[in-house]
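Heads up, there are several structures right after this.
The two complexes that follow have chain A in common; it is paired with chain B in the first and with chain C in the second.
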Partner chain A sequence: MTISTSTELICFLILSSVIVSGGLGVVLIENIVYSAFLLGGVFMSVAGLYLLLNASFVAAAQVLVYVGAVNVLILFAIMLVNKKEVMKPIKGLKLRKFFSGCVCAGLLALLFRVNIITNWATPGPQAIGEIATERIGEHLFTDYLLPFELASVLLLMAMIGAIVLARRDVISIELETTKSIQENIINNSTDNVLLNQSND
Partner chain B sequence: MFTTLKIVFIAVVDTGLDLEISFNHLLQGIGLPSSIAHLLWLPLPMLLVLTASLIGVLVTVWLERKISAAAQQRIGPEYAGALGILQPVADGLKLLVKEDIIPKKADSLLFTLGPILVLIPVILSWLIVPFGQNLLISNVGIGIFLWIALSSIQPIGLLMSGYASNNKYSLLGGLRAAAQSISYEIPLALAVLAVVMMSNSLSTVDIVNQQNTAGLLSWNIFRQPVGFLIFWICALAECERLPFDLPEAEEELVAGYQTEYAGMKFALFYLGSYINLILSSLLVSVLYLGGWGFPIPIDLITHSLGQSPNAPVIQIIAATIGIIMTVFKTYLLVFLAILLRWTTPRVRIDQLLDLGWKFLLPISLVNLLFTAALKLAFPIAFGG
Partner chain C sequence: MFNSQELIPLNAYLLIASILFCIGVWGLINSRNAVRVLMSIELMLNAVNINLMAFSSYIDGNLIRGQVFTVFVITVAAAEAAVGLAILLSLYRNRTTVDMESFNLLKW
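Take a look at the complex of A and B:
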């Protein structure tokens, strides 16, 4: 075994153990902030796996999109709405936990079965390494153009939806009032949005 | 067989100084196998770059103290060494020996992890900073994109330390830092994209080479003046320098996410912000000011002097000029950043977000479109 293959093996073992234990931590830890930070760790380790597979562009994109954007937004949301709230005790919580555990175990068993019966040894195409970036670009603008454009339309719709949801109170008020929009947001911030709606 | 072929190939293609090959030759001359020589080589450039960045921080801190003193008509540090040049060392030593305090109600694990997460991506980004054709740690293909990806990890560390401090000011500072760095990352990436479009490569070495065809005239700052301004503003915002130091605005937030930190953990934040400033200046000089390029192309000078560019002495002189040029351009930009810090007022948080989303983002999109159009219209001048 040469130095590079053994290094690769050690890296793979470390990364996959971090992914598995981090993933379990995300689900099982009660403190939601810890879960969010662990999720960031899991995303980073997945990026590491991409690096091991010689896909550096995908790894960097994974870090940029999942760690830099998705995870930061999750953390942002958690920290902005960090209200201490006494949860109502749910009936039959233990039974529910048991059933969801059963579903997860079933899925895991299915994945194991797929893992065992599939013949993984078929040689795929060679990893193209550094020119992968150009190849991804070519595909995005030729045979994957339609899915690419559809995804962008979907994102636009999501963005408009988010803006409408966030500014619902501004849209519903009459703009003839002399109050500026900013003022209205401040005044209405303590009101319950849903209550307002039912009054209208 | 393969390695000798590779060396011959590199020697034909590259004219610059390559220390790795010389080092490997030296060790193989002693009788070590090439794999061991490679292993022995690996830590050397990393250590060198780490040391260089730390010394860069010391110089920048000294400059900041001296220039701020000049801006406020004071003398500044004077007694520690000539012209107070040892003052940053004294500052560093003081931080090293201070007591490391973790507040009682803070989350000690996240509190410790936060500053580390802030510092590591910044240092890792030095991987792609070139000081010469072969004078960088690794010429990875995704180059500048790696820096953009790594710099997006930093807000997680800031949020972490803001949250773990269990302090309202810290949390607000951390949230502001994350909001600021998310909103300025987009125009920054779009400005970089315009440069990448012109040089047809993400690699920093290729970006510099493409600018050094005709010396000063071919630098990107003349082809991308708007992009240069956008990048510089966004870089200042990402470094949290005045006029964009909202996350640690003293008058509003005590010291933002750093409020509860002391000793070495505070020093990590301090180091991180200064290394980030130097890194941003380096990348501005790489992307827009021709990197290691001399205003007059080195090849032209050697030809007019009748020297071969492959002679060892010429190679060493060229590499030295390259390093000096990179550092000179970088410190020019650091000087500009320090002057800006001590002469401009701070913007408000809503002004900051408005500037990022409503002004810089559309402008950088227009800049990108314009660059694409110019590239199609004048492929000679804009890298067809």
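Take a look at the complex of A and C:
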């Protein structure tokens, strides 16, 4: 075993243990801020696995999009809704967790069995390695052109939708008029337009 | 069982991905905090991405179509996270809670 292969093996073992333990931590840890940071660790380790698979472009995209955007967005959402609230106890919660754990373990056993008994056709054709980025570019501008353009439309729709959903909509609050909310708006607003609208 | 020609077999990546996917499913079912539900969905999407990348590297090493699919999945996941968190914020504004058990607006 040469030094490069043993390094690869060690990297794989470290990354996979970080992924599994980090995933468990995301699900099980009570404090949600800790689980958000652990989620960032899981994303970074998945990017490391992509590097082991000779896919530097996708690894960079993973770090940029997941760690840089999605994880930061989740942290912002946690900060915005961060209220120490005591969840109401529910009857049979333990039983529910146990049964869903059984179902997930069954799914895991099924997937393991499929993984092991299937004869995967490896090794396939020789991996192209470093020119993978160029090959992805060729794919995106030839046979995957339509999904590529649709993805841009999807991102635009998601952006507009997120703005519309998260906007603090003064007029719709006013339509549901309870008096205290209305008074609050009038008191808080320094803008004349708001005062005129609420006096109508 | 394992192909001894390659150092890290394809099965190892698939096993990691399936473990991560099952953790994600369990978290999706059992989380009571709505933000944690979104985090579990991200875990599941990452598990699927690991699968796609492993197959594209081991079986389709020539025309890495799996990597293109992974790029698309990452795009959709980013859009999903943005819209999901916006929905979560407006829910929180209406209900002042993030407990999944109290979101029963569609119950009849």
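Heads up, the rule we're going with is that the second predicted complex is superposed on the first by the 167 of 200 C-alpha atoms of A that agree within 3 Å, B and C clash if a C-alpha of one lies under 4 Å from a C-alpha of the other, contacts with A are read in each partner's own complex, and residues count from 1 in each chain.
One rule holds for everything that comes next: contacts are C-beta pairs under 8 Å (C-beta built on N, C-alpha and C of every residue); 3 or more make two chains touch, one makes a residue touch a chain.
Please read these numbers as outputs of a predicted model, since none were measured by experiment.
In the superposed pair of complexes, A:Ile160 makes contact with neither chain B nor chain C.
In the superposition on chain A, A:Ile14 contacts neither chain B nor chain C.
Of the two partner chains placed by superposition, only chain B is touched by A:Val72; chain C is not.
Ranking chain B and chain C by residues of chain A touched puts C first. Legend: residue contacts after superposition of the two complexes on their common chain; A:Gly124 is shown touching chain C, with no touch to chain B. Contacts of A:Phe43 after superposition on the shared chain: chain C is touched, whereas chain B is not.
Touch criterion met: A:Leu80 reaches chain B and chain C at once. Using the contact criterion defined above for the overlaid structures, shared-chain residue A:Ile136 touches chain C, although it does not reach chain B. By the document's definition of touching, of the two partners only chain C reaches A:Ser100; chain B does not. In the superposed model, A:Val33 lies in contact with chain B only, and not with chain C. In the superposition on chain A, chain A positions 57, 61, 69, 76, 80 are in contact with chain B in one complex as well as with chain C in the other. Against chain C, the residues of chain A that register as touching in their complex are 5, 8-9, 12, 16, 19-20, 23-24, 26-27, 32, 35-36, 39, 42-43, 46, 49-50, 52-55, 57-58, 61-62, 65-66, 69-70, 73-74, 76-78, 80-81, 83, 85, 87-88, 90, 96-97, 100-101, 104-105, 107-108, 111-112, 115-116, 120-128, 132, 135-136, 139-140, 144, 147, 151, 154-155, 157-159, 161-163, 165-166, 168. The part of chain B that touches chain A in the complex is made up of residues 35, 39, 110, 140-142, 145-146, 148-150, 152-153, 155-156, 159-160, 162-163, 171, 174-175, 178-179, 182, 185, 202. Residues of chain C that touch chain A in their complex: 1, 3, 5-16, 18-27, 29-33, 35-36, 38-40, 42-43, 46, 49-50, 53-54, 56-65, 67-68, 70-72, 74-83, 85-90, 92-93, 96-99, 101-102. Partner chain B is touched in their complex by these residues of chain A: 2-3, 33, 37, 40, 44, 56-57, 60-61, 63-64, 67-69, 71-72, 75-76, 79-80, 129-131, 133.
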